[in-house]
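Next come two complexes built around chain A: one with chain B, the other with chain C.
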Partner chain A sequence: MAYGAQTDLAERSAFSVFWNRFVAVVRLSPTAAIGLFIIGVFGLLAFLAPWIMPHDPVAAYTDRVLQAPSAEHWFGTDGNGMDVFSRVIYGARFGFGIAIPAVLLSLAIGVPVGLIAGYRGGYLDEILMRFFDGLRVFPSIILALAVVAATGQSLFNVILVLGLLDSPVFARVVRAEVLALRSSNFVESAVAAGNPTWRILFVHLLPNAIQGAMAQTAVRAAWAVRISATLAFLGVGIQAPTPEWGAMIRQGAEFMVSGQWWVAVYPGLALIFMVFGLNLFGDGLQDLMDPRRRAAK
Partner chain B sequence: MSQPVLTVRGLCKRFPAGGDRFVNAVNHVDLSIARGETLGMVGESGSGKSTLGRVILRLSEPTRGSIEFDGQDITKMPKGRVRPLRRDMQMVFQDPWSALNPRMRIRDLIGEPLKLHMRLSRSERDDRIEALARRVNLSNAYLNRTPANLSGGQLQRVCIARAIATEPKLIVLDEPTSSLDLSVRAGILELLNEICRESRAALLFISHDLGTVRMISDRIAVLYLGEVVEQGRAEALFENPSHPYTQALLSAHLPADPMVKVNRHVLEGEVPSPIALPSGCKFHTRCPVAIDRCRSDVPEVHQVPTGQHARCLRIPDGGNIYHRKQTA
Partner chain C sequence: MSFQRFLLRRAIMVVPLMIGVVFITFMLVRVGSLDPVGRLAGPTATQAEFDAIRESLGLDKSLWHQFAIYVGSVLRGDLGESWLSNRSVLDDIRERAVISLELLFWGVGIGTLVGVPVGLRAAFRPNGRFDQFTRVLSLLGFSIPTYWLALVMIFVFFYLLGWAPPAIGRMSLLVTPPDPITGSYLIDGLLTANWEAAWSSASHLVLPVICLAIVSAAPIIKQTRAIAIEVLASDAVRYAHACGLPERTVRKLVLRNSAVPVLTFVGTELTGLVGTMSLIEFVFAWGGLGQYGLNAIISGDFTAVQGYVLTLALFSVLVFIVIDIIVHLIEPRSELS
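So, the complex of A and B:
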């Protein structure tokens, strides 16, 4: 290996480069790797749901209501006689289906606002950031409840509300980076070269200011999964019998006292694991992207 | 001499310094640069030379006075109308490590002014970029790398290529060599010298290093506390400095030949604060030939027999000369 290391370096395949990176990430942050593994498992479940599910998640076997876990129904059946195992698997689709577009929307709103507020400063900065602070004043779950209840019960509205409510997080991070960058020489040199403001913002500042926001995405996705499940649990947004974990826990809650624990516990565990995995990965991501945090480890 | 590319009249720039106090960085500067001419701007650190360069290019807003560029008054022109003019006025910064976007490839950095100001096809632009890289002696192998992979001298070559890409009429060079190693500096200076000679651009070369300025400039302006104290042709100014401050600066400058004996004069005291400028002549607190009148009267600009213009009260009575070059 020692000999010929030079040529190895030049001829390494794209896969081995990727693999070495991957190994380096695992070494640097084992928790991130565990988180990524958990997310990966849920991702597979969501993607392969139609082939994995033993039953149709919304098929009601009226003759098998509230059956305990068995070989036929691994996680038992719920009050409608639907297979809980299939429903838990299908629920992963809702987890990703809400979290990913909500975070993308947050980025799409928060990042440009942070860029403009940080670069322009002055009154515009004050107004934008005070408005966003205002959004953060209310406990997000209450605001989300109110808005979803007012705008109508739909998956689309839940995503819209979560995306909007969470955008201040990204705006703040990006703004802080831009404040540090805007008086830097390369920005002045870009102005001197004749760049219009939009190019300064999106070509010069964005790539240098986006790292902190990217590091936040996984943690914010965990938040979106948690809040959307909470909304469904409270009966806002997604309604039973849609196989969404929050809605399933709501359905199962009434059977807890009578001993049919499986209806609520299995979707609850799935929710916990998904949020846990996203948070582990998110935390590791922040460590990896912030050299100061990395050094402190 | 042809019509000047840049004419600056009575230019002032001050920054708020808390309360009703201001930092007077640039004070009533008049200067002009013609096509193909290089004006060297010398002064100590804190003399306002960098601020002056930035205000001239409207990277910083002027407080008073006027800037005329290529026949147009750009002093109060809205930013949106200045932007297309930037094709014809470019800048090279002091610190090449921080003056380039770390996330962009060298190719895109050099090509950026072309992209912004000229309608060229992709292949035309690539040809121009490669020609520019050749012009500044930068190997094409570097074009697809990012700034972190280049040395300081190479980065400054990239900055220069960027500045000359659109063949501007005015280039402001803000201490382009002072952050570079001595060995690299000579190469960059040689390159700048060539560019001066072959291009028809007017150059404003800002530096604190007299040797560098002398090598490259046609005319020199000496800045003290944001004010031009002496301005004139380079040889005349070096041979017969007429302002006491210029004389002190030149005497502090070591000649290249160690056998030449110099009669050195070291100025007393510190540069006064630009927040509370001295009354009368701003140099009177450190001037070896100051008289009582210098404390109260603001000196006018006089032309001396060797052609320079200097701002000193003692020029009419001949008392301004206190220091003569001695050659052994």
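So, the complex of A and C:
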């Protein structure tokens, strides 16, 4: 285990284990705590959006098009006369709604692939790794764009494509850990005791090999939020007037040269903060879970 | 190992990678649910017309047959015709590649020149004030959407301050472009003593280049810091300290030992930066390869998308090889491992 004094694990409830670790994280890495705080704020915004939003995010006030920020419309109104503040708050739902399932999907695909490739080795491993190497040669944003554009433009598809394209990240990390663990005593005893392969993989190896992958999740979530917003900015996947940050920046782009900055600037700031929070948290997480990086601090 | 043998081995190692790359590029548009035939034929086409178009595109053959045909034409340097512009994709790409390379060169060049010294300085005093500051700054750089940064810069420097020219293209429309020599307006303008064109080109370059430099500097700062910290903890540096060498000499040693991993990192980063750059091109209507590719993707121009994606992959592979060669030249022992 990476941190915290270890007593008898079985005696402690899952919650107290979680809480102790949480406190340890905050104490060891203040940046991670700040990141967690930012994510928490956005989480609250997303969850409580219907109660916080002063206006309907897609209600067009045709008599108040492109109004500057005011007491009535804190972040102004956009080209359709929609309230930018309400739309920015609602946009947090898309951030989480895309990032969480996409990362879960990446884990669901990447972790088993990494386990099997690392444990089995041989041709299967070789081919998979070469394939992942091949994928790395393409810029991820272009690949995501092209695949979403080709396979059909829906929110569901965006999640699916992001999850698929990012799974090699987790597969690689898990594979590397499994390779190191494969010939250790506990695995050999498990084999000798006659455990079936799936049991060795998922009961014996998984808990020992998952740490590196878990450390990556926050950074990968940041990636998913950023890429999905980029897709929406280019009009691929999510279309205006959906209150998604990238789509809102797209709507506001034309007004940047005529002075109505608020349409694009506010959703951009929200996007930056959320991605920044996830990156801060992820960076701290990696520091805490990687002993080498911890030593360097 | 002789240099020729080294080159040969590198070239051979690239072959399976390239086969994979071409396969991924090929599959990219086949997995789609988009129907190019319907798009080309139009809504009033008869079944016979459909079949004719399907046959002319070779879509009636089996997938493996199609792949073989595709590999054959790629090897002959034939990337097909753009279905929208009816021009050869290869010509389109060749024309625009230089335009993008110019932007990439200045942007990533400046990003590296700023990022490496900053990362080194942060590493010399880990957790010092400078390190904390640049750490937050580089994480911020990771988090800023490129296209948003570009838009804000246009707003501030064009709309508010009026310092920058309008963000449309590489040069003012009122200026006659210089005679093409290299394809870069700036260099051609300087070479042909067309100062007006060179100035206009330079002023149009400033904002996109700064944008790209910011985006590329962030990961370089972070990685350089990590690499230098590792080097600082190495036996070689400890020995140098133990010998009582002056700090300046030790730092030179750190620089020398960090050079190879930093260089390799910048090389791998280029792959992603080419993608990021396409967004900058898109916002500034740059007219380069990136904008061409994005437009092709958005409008569903399959052959152009394939050609674009393949070109990017080829570029990455080429960069890897060049980096490999440079690393081999400055550090021959890296071959041993």
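Here is the rule we use: the second predicted complex is superposed on the first by the 274 of 297 C-alpha atoms of A that agree within 3 Å, B and C clash if a C-alpha of one lies under 4 Å from a C-alpha of the other, contacts with A are read in each partner's own complex, and residues count from 1 in each chain.
By our rule, a residue touches a chain if its C-beta (ideal position, glycine included) is under 8 Å from a C-beta of that chain, and two chains touch if they have at least 3 such contacts.
Only a predicted model underlies this, so the values are computations on that prediction, with no experimental measurement involved.
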Requested in this report: Judging by the criteria at the top, classify the pair chain B and chain C on chain A as clash or fit.
Outcome: fit
Query - Touched partner set for A:A190, first chain B, second chain C, both or neither - result: first
Query raised in the report: So, A:F276: does it touch chain B (first), chain C (second), both, or neither?
Result: second
Query - chain B versus chain C as contact partner of A:Y119, first or second or both or neither - result: neither
Query raised in the report: First (chain B), second (chain C), both or neither: which does A:V257 touch?
Result: second
Query - Partner, of chain C and chain B, that touches more residues belonging to chain A - result: C
Query raised in the report: Between the C-alpha centres of chain B and chain C, what angle is opened at the C-alpha centre of chain A, expressed to the nearest 10°?
Result: 100
Requested in this report: Report for A:F42: first if it touches chain B alone, second if chain C alone, otherwise both or neither.
Outcome: neither
Requested in this report: Answer with first, second, both or neither: which of chain B and chain C does A:A222 touch in the superposed model?
Outcome: second
Requested in this report: Classify the contacts of A:S140 with the two partner chains as first (chain B alone), second (chain C alone), both, or neither.
Outcome: second
Report summary line: In the overlay, chain B and chain C get no closer at Cα level (Å) than 17
**Report entry** Contact residues of chain A, present in both the chain B and the chain C interface
**Finding:** none
Query raised in the report: For chain B, which residues count as touching chain A in their complex?
Result: 54, 57, 59, 83-84, 86-87, 90-91, 93, 95, 98-103, 112-113, 116-117, 159, 162
Query raised in the report: Any idea which chain A residues touch chain B in the complex?
Result: 184-186, 188-196, 199, 204, 207-208
Report task. Report the residues of chain C in contact with chain A in the complex, numbered from low to high. Result -> 16-17, 20-21, 23-24, 28-29, 31-34, 126-127, 135, 139-140, 142-145, 147-148, 151-152, 154-155, 158-159, 166-167, 226, 229-230, 233, 271-276, 278-279, 282-283, 293-294, 297-298, 300, 305, 308-309, 312-313, 316-317
Requested in this report: Would you mind writing out the residues of chain A in touch with chain C in their complex?
Outcome: 31, 130-131, 133-143, 145-147, 149-152, 222, 226, 229-230, 233-236, 246, 249, 252-253, 256-259, 261, 264-265, 268, 271-273, 275-276, 279-280, 283, 293, 296-297
